[in-house]
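Each in structure tokens, the structures are laid out below.
There are two complexes below, and they share chain A, which is joined by chain B in the first and by chain C in the second.
Right, the complex of A and B next:
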């Protein structure tokens, strides 16, 4: 059938793209470009986690960067302080640590109203940042932690840009698949139900406070993992990376791409990371540019580029109309 | 058949306003039970109290033999009660199919590892859930809208989506709050037929309605509420002849020249 062929073609095209993407480090030797792409991949994971909370569960979370910081520092501290700490444990532990704090936050805020939860996430972000900055004995304070090792799995060191590219690629693929499975399960439907109508959700036997905490927890696992991956790439943990500004940028990546759209997260991350790199002017004025982008989006595509009535859908409609006219 | 819901001496006050006074009701597992009364009589409040949404100020609620008086809505629904709302509460951004599948939430057995690893158990369960949901949508006549986003549907269909979601949880008791509100006579007829069929499928039904024809032809028994008090509980025929009920709706003879 015609539509089946189209779907198969799409899958084939996607598969081809993913395979070709793997060839990039063999062809591109410019370290700077590899670094940008790796950043896009790692930030995509964070954007996915933001999407889970904001897009699927409808909770406004302005403190994502704090959870990335928790993951970053967990890995940094365990690997630099304890000589033979296995990387795999530190990496997973970073995710679990971040997830536990997310769960705690969710449980403490069970009865908190929507607006106040938003303020609390801002507060959490600041609290974490200040702790990271000042708890010198544990975190190294303003100096941060240097010499954080690159990933070391099963004896294989991902210590070059090229090797780390594959690490980040695999990580993004795994996280994407897991989050996708989650959103397509009854857990995902429960999150969306809470977003659309929390009262009706409780009448479907969904324990709303528990599921909100679960959502925070799941998302924070991935945020923590991404934070850990980032520090094992840059090899340096700094408290200055985990500000509210960072959280806002993370949120904008998810919103730009389209809340509720998983591919949108990658698109949003790509746009917001690559654009400032292309233009020095955009970089200097990036907060202004992002602000203007947001306003344009709100007017023309309020659900993001790949969201409902977004650029993606409009382009498909235009193509369909042109075809029909022929 | 035996009693499934026992409402004993239930009162509910909201900061001094007594919304329900000393309500005593016993619902059987095989009946369609109607609740009528003027606006503001406390009908929806009663629904809220017997589903854990509001806690009763006094009295007890026993559902399927268990004391549920201080339990929350989630626990009531886990026991097998489902409800629709006066102002429709569908999950607006989700498709009709997904709305229905949310209703099945309590019966989904896959745990987190099943989902993340996409085990056979999970895939089988999801497939069965979709089939089950489509069956329910077929029964309600909205299977064609399965992929449509709920908020874009007309009012009457949204009402059916709500009912589909309620049915999906395989409840033993369904509460319908003014299901015919905003419907034309044809839609009301269809809904009456639907409610009769739902009762045949299994669950007992409690309906709040203003539509007298709906009440009288469908209900096995009817309760009349006024100002939070229970005026009468009887068969539809007797209720229609009850002088207190007539007074509540139409006023006392001699009050106005319009009363025949």
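Right, the complex of A and C next:
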């Protein structure tokens, strides 16, 4: 019973935190801080989608930002070219478009091994970046697309920072719940089985290529949606946001937070977005710090902070041993 | 025109080949995605560049750069890769750790030498060129091609004929078995990493003398990526494959930018590459080792 009580307390605390979080825009009037928080929430969605591929399916994807780019440009093009295109449709379409490209990629790479898949994702990132940069008539080339409208649901415009905060909050909550449901469903279990041992999984009647393709399309859906949300926040789509370096940062978020851990993604995104903001003075050393962090993390806790056997669990273990000694 | 493009493609390809040989040496033996290859040899190239600026003999400068690359990779292997290898981590962890090393190296170059582009001249090769009919062949292009091919042959001989080479091949087939046969696994693997970086420095220096510039970004986009692509086209673990794969890439790049489009060059090369992988996933010269379950 005691553990039940504890779990209840935890749930209550979480709920209280979530409600308190809702009050942030009412208390914080600093636009800059709101901006950072919104960025954290949007990047969390991408980190969640990365985690779906890397943490649950065990594939390495270095091209996530390409899919964010596809979502971004789908929304930007539909909303700026076709005047009264409903926002909701464009937003959802961005996710579906990105998902279908992800599915295509997954289908093409059904039989390719780990290394090749990693390289192909890098290649897709390059291909998408070059196309966004050079297809003048559709994407506006290097100038990008300006004046992308803000989210507009049932006549309500999320056009200020405060209003957008709620939009991002709701979006993150929905995506989080969906991904959580997904990872606990039949699909999620299949992904985990593939990650742990693909050959054993194939003998347990799991169609490995099919699930890999599915994993890519699910993850790409969420990445695309996050990309679409980002462009509707900044109102400006630029091809320079979708580089390989950006993809690597997205992946680091998932890895730092913890592979296979969903709250970890949010933590990872928060650390990797807030840390550069508060450390503008050590901006020149940013890559150095990041690199050392990555090496140390991989050597000592390859599953990140909140992942399995990660830093978090180890701390808990240490505390427990200390208490037992007393 | 056609012959000229072919020759340019051949020399671009041999530059890539030099970088790919070093990459393939490590990749073929340990099957580890070495993301740091390019950025490690960039440090070596910059050391050579600095000592050239002081005015030392180019050969000494090259040796210095190679020694730097060798030493860096020994340290990196010891602290970033070996702990993961002995722990038996999955494929993801070493890759990420290599990305971390690449970040560190890039930042070091940026802090020491700065992000600007410098003129680069090794001062070792004649600048003249041969005119055969309408085509022009630079002496440097010929040198690069010869160096690439002879390095590949030399390495092949070393791998086949020397005891160390046989130890390397044994490790590539099975680390535990090699250890049982009395191969000092850790030492040999460290040596392979060092050798890979030293070869990478040669490739990087010739890349810089071919394009006559040096900057901090030569490592990733021009080094690691191209070497990786060339390696996979040629077949992992095959030095001959790395050279031929790199030359195929160089030729397709120059042909695409000459006849189709310069803006879409990178994207089209990637498309060709992806189609190639899907059709022939083991590369042109696959290693003859059965896949382990």
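The rule is short, and it goes like this: the second predicted complex is superposed on the first by the 314 of 326 C-alpha atoms of A that agree within 3 Å, B and C clash if a C-alpha of one lies under 4 Å from a C-alpha of the other, contacts with A are read in each partner's own complex, and residues count from 1 in each chain.
In the analysis below, contacts are C-beta pairs under 8 Å (C-beta built on N, C-alpha and C of every residue); 3 or more make two chains touch, one makes a residue touch a chain.
What you are looking at is a predicted structure, and each value in this text was computed from that prediction instead of being measured.
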With the two complexes superposed on chain A, say which partner A:41 touches: chain B (first), chain C (second), both, or neither. neither
Go through the superposed model and pick first if A:178 touches only chain B, second if only chain C, both, or neither. first
Thinking of the overlay built on chain A, is A:189 touched by chain B (first), by chain C (second), by both, or by neither? first
Comparison of chain B and chain C by chain A residues contacted: C
Check the residue A:199 against both partner chains and state whether it touches chain B (first), chain C (second), both, or neither. both
Per the contact definition in the header, classify A:298: touching chain B only (first), chain C only (second), both, or neither. second
Looking at A:255 after the superposition, I want to know if it touches chain B, chain C, both of them or none. Which is it: first, second, both, neither? second
Report for A:207: first if it touches chain B alone, second if chain C alone, otherwise both or neither. first
Do chain B and chain C land on any of the same chain A residues, and which? 199
Under the touch definition given earlier, write down the residues of chain C that touch chain A in their complex. 31, 33, 79-80, 83-84, 89-97, 99-108, 110-111, 225, 228-229, 232, 236, 263-264, 266-267, 270-271, 273-274, 277-278, 281, 293
If we count contacts the way the header does, which residues on chain A are in touch with chain B in the complex? 178, 181-182, 184-187, 189-190, 192-193, 195-197, 199-208, 260
Flag every residue of chain A that touches chain C in the complex, lowest number first. 54, 58, 60, 108-109, 111-116, 118-120, 122-124, 126-127, 130-131, 133-134, 199, 248, 251-252, 255, 259, 284-288, 290-295, 298-299, 302
In their shared complex, at which residues does chain B touch chain A? 51, 53, 72-74, 77-78, 82-83, 85, 89-94, 98, 101-106, 108, 110, 112, 115-116, 118, 122, 126, 129, 165, 169
